[in-house]
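Worksheet: the structure to be examined is printed underneath.
Should a chain be cited, it is by its letter among A, B, C, D and E, assigned in written order, with residues numbered from 1 in that chain.
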Amino acid sequence: MLMGKVIGEIVASEKHPSHEGLKLLTVAVLELDGSLRVDAPFVAADSVGAGVGERVLITLDGFGAMSAVDRNLAPIDCAIVGIVDEIQLADTP
Amino acid sequence: MLMGKVIGEIVASEKHPSHEGLKLLTVAVLELDGSLRVDAPFVAADSVGAGVGERVLITLDGFGAMSAVDRNLAPIDCAIVGIVDEIQLADTP
Amino acid sequence: MLMGKVIGEIVASEKHPSHEGLKLLTVAVLELDGSLRVDAPFVAADSVGAGVGERVLITLDGFGAMSAVDRNLAPIDCAIVGIVDEIQLADTP
Amino acid sequence: MLMGKVIGEIVASEKHPSHEGLKLLTVAVLELDGSLRVDAPFVAADSVGAGVGERVLITLDGFGAMSAVDRNLAPIDCAIVGIVDEIQLADTP
Amino acid sequence: MLMGKVIGEIVASEKHPSHEGLKLLTVAVLELDGSLRVDAPFVAADSVGAGVGERVLITLDGFGAMSAVDRNLAPIDCAIVGIVDEIQLADTP
């Protein structure tokens, strides 16, 4: 899994029927130093009630993401599976 | 999933039999700042009637992409599963 | 899928038994501007009779690649599934 | 698999039910020269009793990671599957 | 698949039970120009008797890697499936 920050929501009127009713959020990945990755954000299906500004845990496995939102035959490859309260970092590196 | 912009169409006369009749579009990934990623574009099978210039949602999971275009045993690993109308971005980051 | 250019062939005498008889080609990925990615080339099993110098379509999904060359239990994760005749690019970006 | 160093622990109160009771550790990937990758750390489910500061082996396959922690239907795509005692490096490169 | 060079061996005393007896080798990926990628090396389970200094073919698919070493339920996502004798490169690019 990766940690990220929810930065927005996606609205798509034309979509695969199996995506109907999903909440799709854009998530920017958190780098080692806490900054946001300036690469493409992921679009994740929400399974835990996450909102914009929250730090979240995302999975990028297809089967896992489909399971997370209970749509086992839908084309979903990314899901939010946790809201991160705290990251305990040791002195390393 | 990732967001991208459809930039073209692919024509392949020699292809795997299971690809017959698929519409294959090239999709450049959208970066965090809205620019197009200057890396290899993805070639995606279309499941929603997308066209050149549109912003789309793509999945990169094999099983999901095959399901999206109803070809469960075909070598397909990328599919367009939505046309993005609107990206609501909060003030973050 | 990604587009690439076939740049060579691989000869491996010691190999997994399931790879016996496969034609393995090295494929450099095509970037957005048409140049070849100066990163590691993929080694792909051929399913369409591709040859050196041709632009091809490759899939990077394990199950899909195995299906493409009809070896469902073999350790194959990349296959050539089309020869690209033409890439129609619109004015974007 | 990749080698990494455990750099912290994650606390998530809101999470997918199947994640209940998992120990989630942040793992920075080890580069060829032994430094830590300054990219996003992975969040891995622990299956071997690893702790902060230890060098570990992680798998990034969904099915494998789920198996490693005995939760075959949970959205988990990364697991710690070994603690690295020693890396024997030859003179190459 | 990718081509790489075996650069060392891994010793892990604490490991997932299913990893018992596996030979795990570190493999640096070969770039287009023949140099070694200065990114994280992969840790691959050996299925062909490869040794340090040899150029090898690796697969990065979970199911394929598990099959290659005959451990279908083990958390393994990378395996060496061939020893590369020769890379025939055409004049391209």
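Here is the rule we go by: a contact is a pair of C-beta atoms (placed from the backbone, for glycine too) under 8 Å apart; a residue touches a chain by one contact, two chains touch by 3 or more.
Keep in mind that what you see is a predicted model, and the values were worked out from it rather than measured.
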| item | value |
| --- | --- |
| Smallest count of steps, each to a touching chain, taking chain A to chain D | 1 |
| Copies chain A and chain E - rotation angle from C-alpha fit, nearest 5 degrees | 145 |
| Where chain B and chain C are represented by their mean Cα positions, the distance between them in whole Å | 19 |
| Geometric centre distance via CA averages, chain E-chain B, whole Å | 30 |
| Multi-partner residues of chain B (each touching 2 or more other chains) | 37, 61-63, 65 |
| Pairwise touch network: line, ring, star, complete, or other | ring |
| Ring path (origin chain A; first step to chain D) | A, D, E, C, B |
| Residue ranges of chain A in contact with chain B within the complex | 5, 7-16, 18-19, 24, 26, 28, 36-44, 52-53, 61-63, 65-66, 73-78 |
| Residues on chain D engaged by chain E in the complex (per definition of touch) | 1-3, 29-33, 37, 47-50, 57, 59-65, 67-68, 79, 81-90, 92-93 |
